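Chains: A, B, C and D, in written order; residue numbering restarts at 1 for each.
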Amino acid sequence: MPRVPVRPLVRSTTSRTEAFSDGVFAIAVTILVLDLATPAHPPGGLGRALGHLWPAYLGYVASFSYIAVIWLNHHQIFMGIRTMDRGLHAANFFLLMTTSALAFPTAVVSEALGEDLTGKDARVAVALYAGISAAMCLSWTSLYVHLGRHPELLDDSVESAYVRSGVSRSWVGMVLYVAAGVLGALVTPLIALAVFVLLPAFYFLSSSSVVAEEEEAA
Amino acid sequence: MPRVPVRPLVRSTTSRTEAFSDGVFAIAVTILVLDLATPAHPPGGLGRALGHLWPAYLGYVASFSYIAVIWLNHHQIFMGIRTMDRGLHAANFFLLMTTSALAFPTAVVSEALGEDLTGKDARVAVALYAGISAAMCLSWTSLYVHLGRHPELLDDSVESAYVRSGVSRSWVGMVLYVAAGVLGALVTPLIALAVFVLLPAFYFLSSSSVVAEEEEAA
Amino acid sequence: MPRVPVRPLVRSTTSRTEAFSDGVFAIAVTILVLDLATPAHPPGGLGRALGHLWPAYLGYVASFSYIAVIWLNHHQIFMGIRTMDRGLHAANFFLLMTTSALAFPTAVVSEALGEDLTGKDARVAVALYAGISAAMCLSWTSLYVHLGRHPELLDDSVESAYVRSGVSRSWVGMVLYVAAGVLGALVTPLIALAVFVLLPAFYFLSSSSVVAEEEEAA
Amino acid sequence: MPRVPVRPLVRSTTSRTEAFSDGVFAIAVTILVLDLATPAHPPGGLGRALGHLWPAYLGYVASFSYIAVIWLNHHQIFMGIRTMDRGLHAANFFLLMTTSALAFPTAVVSEALGEDLTGKDARVAVALYAGISAAMCLSWTSLYVHLGRHPELLDDSVESAYVRSGVSRSWVGMVLYVAAGVLGALVTPLIALAVFVLLPAFYFLSSSSVVAEEEEAA
């Protein structure tokens, strides 16, 4: 079979995967602004119309933060990945596909909340957002499980506890998003919204130990 | 004539081509989500309206996967490319142009399927998707044929069998997309849809040997 | 705790942050063109309709320049950053979030000016633009303040005067944008527009000494 | 004054400018596809409606090729640039601003041609396209003139004849685009269209000697 060797030093085996992923994350986060369109309004009514867009502002901030935190976690685990195989590419594509899709439920939730904060449509909308977020957590699980089975893809210095903790963290996220979707659909969308805002904050804060390591290792 | 030498170590002759291409792939794959717009619906009818969007979800997953696989193949062949010439730039531009265009037939197919799964418009739509996909395969053929004629552009370790296999693989893809378009237009769009979903999966799975080499070489 | 070491030479601890940020800046600046849509017009009336779009052209040039200058300042400070911690990531995300959002007030201002140059809606619109720009300056302040408190994140050669000057510069920007918003809303939008065009120019010109250093150090 | 030194090896002084520029080029070229929207059509009329979109297809191919050639020229000159100063950043921003703007006249021309191939609106549209293309050539002129005045920004191996040739090439482009706009507005838009398609092809073909050097130097 053909050999396609990697050139030493200049090109690492994960650099293009990181570049492609960074591009997808950057676009996924930036196109969220496309939902912030100038609202229709009578002359002199722009201020009031802009005020009514508050669910869109909330959605922008929440989903931007969410994707930023996903990027940060991606950055951290890829610092420990030495080389890519087919399964890791598949898990990464799954992760990027669910991340890119977030702009859709964000817009759906914003519009539904703007019409009726606790109505039937808002319940459906938060269930959609929760479902796609849960799928994204599942993609993280598949990535960590694959790394756990193929430790040869990792730098020697990455301890298996780190990978196991990633599996747990992503499982917990999936369970919480599913719960948020069910409670948001059956009880009130406000529960789901609280989870959508708080969970990324939790993942950001709980990533600190790894960041501290990054700082220390430099 | 002026000399524009490449700085050693820091800048390889393909790095900016890869960066530009990664950017195009990342955007091409992410803007697919722009087709997933909140559907018009009566109050309380969001759930039903979201259900009717299933062809758009299918299109998103299928085209996202397709472009991800194209990126993976691009990544693999560029690992073996040592330097760029004018013809290789032209083939790469052709490849990026057809990849970027995919968002258009994806939207056309989604809308046509949503209106009538096997109607005249759906037949036209799958023929359009097949045509652009066949053009993309043709761009791969031109890239591999050019490399076959200019082996000096490749790393010494890349065997000519690898390039010949690339020519064959892209020819087969082109023939299958043309066949899918013809059968989809004349018999039923469902045949074409099956090809659109299965062919990228085949190209992903059949790229495994090269990925294995990547892993081994690292 | 798990160790995720950084590979020497090939991967610096800020390179992916810069790549992600460059992606966001590049998209934020490019999607501004999406506001330049073909105007509705009667047959033969395209020229006149294009002329009426002048506030959109002005908005495109002003916001493009603004984001380009932000990128330049980001580039300069990151040349002196050695490693990232959690707080620096948070400040950077805040900066990217406010930069990405600029496309929204740009479109709002363009449309409002096109309808009535000094009307109530134009006043509201410039106040929105000023508010988001002031938030962006605040993100710069938070970044510089964090660096001032954590000099270990910086290269040894970066003097503390540089960081203190960054704090001052961003405070001044915030105050001027707030003043522009208040005066634009209460007196006339034209004052605010002048600030929106002149302030990025000032930040571009006043960044020269650092650029000169870059040149010298190379 | 503060010193912000460049780290050796890992980070060159032009690498982030190239990354940002690559991002802008990649997005500018990819968002052209957003003009290819599913046309309104009666049931069964999709095929005919798609056929009427031919000016949009032509615009996509022409502007994609144009921006790809601009990227190639940008890639080539930046291979010879050693370091950036304020003037070079300004010229590069001007170049990126005009390149990003191309999606706008492309859409305007496509729509106008679709309505009346040689009518008054088509004349206005091609004049707009020519004007923005001429402004882009002017940005190239400013970039080359600046490099001619500041040879210290270039690698020692770049001969001054190369920079002088860049000034001439961009002047010729500007003159030809202005002529195309004037003739397209006064005589027939078809003349302008021919220039829009042929000029990028010329710049692509005439860049060959530099590409050959790149190959040789590697």
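FYI, a residue touches a chain if its C-beta (ideal position, glycine included) is under 8 Å from a C-beta of that chain, and two chains touch if they have at least 3 such contacts.
Predicted model only: the values in this text are computed from it and were never measured.
Under the contact definition stated at the top, the chains bordering both subunit A and subunit D are B, C. When each chain is reduced to the average of its Cα atoms, A sits farthest from subunit D.
In whole angstrom, the spacing between the mean C-alpha positions of subunit B and subunit D is 24. Of all residues in subunit B, those that touch two or more other chains are 9-10, 19, 22-23, 26-27, 31, 34.
Within the complex, the subunit D residues that touch subunit C are 1-7, 9-11, 13, 16-17, 19-20, 22-24, 26-28, 31, 34, 82-86, 89-90, 93, 96-97, 100-101, 103-104, 107-108, 111-112, 115-116, 119-121, 124-125, 128, 152-153.
Contact residues on subunit A toward subunit C in their complex (touch as defined above): 9-10, 12, 15, 18-19, 22-23, 25-27, 29-34, 36-38, 41, 43-47, 50, 60-61, 64-65, 68, 71-72, 75-80, 155, 157-159, 161-162, 165, 204-205, 207-215, 217-218.
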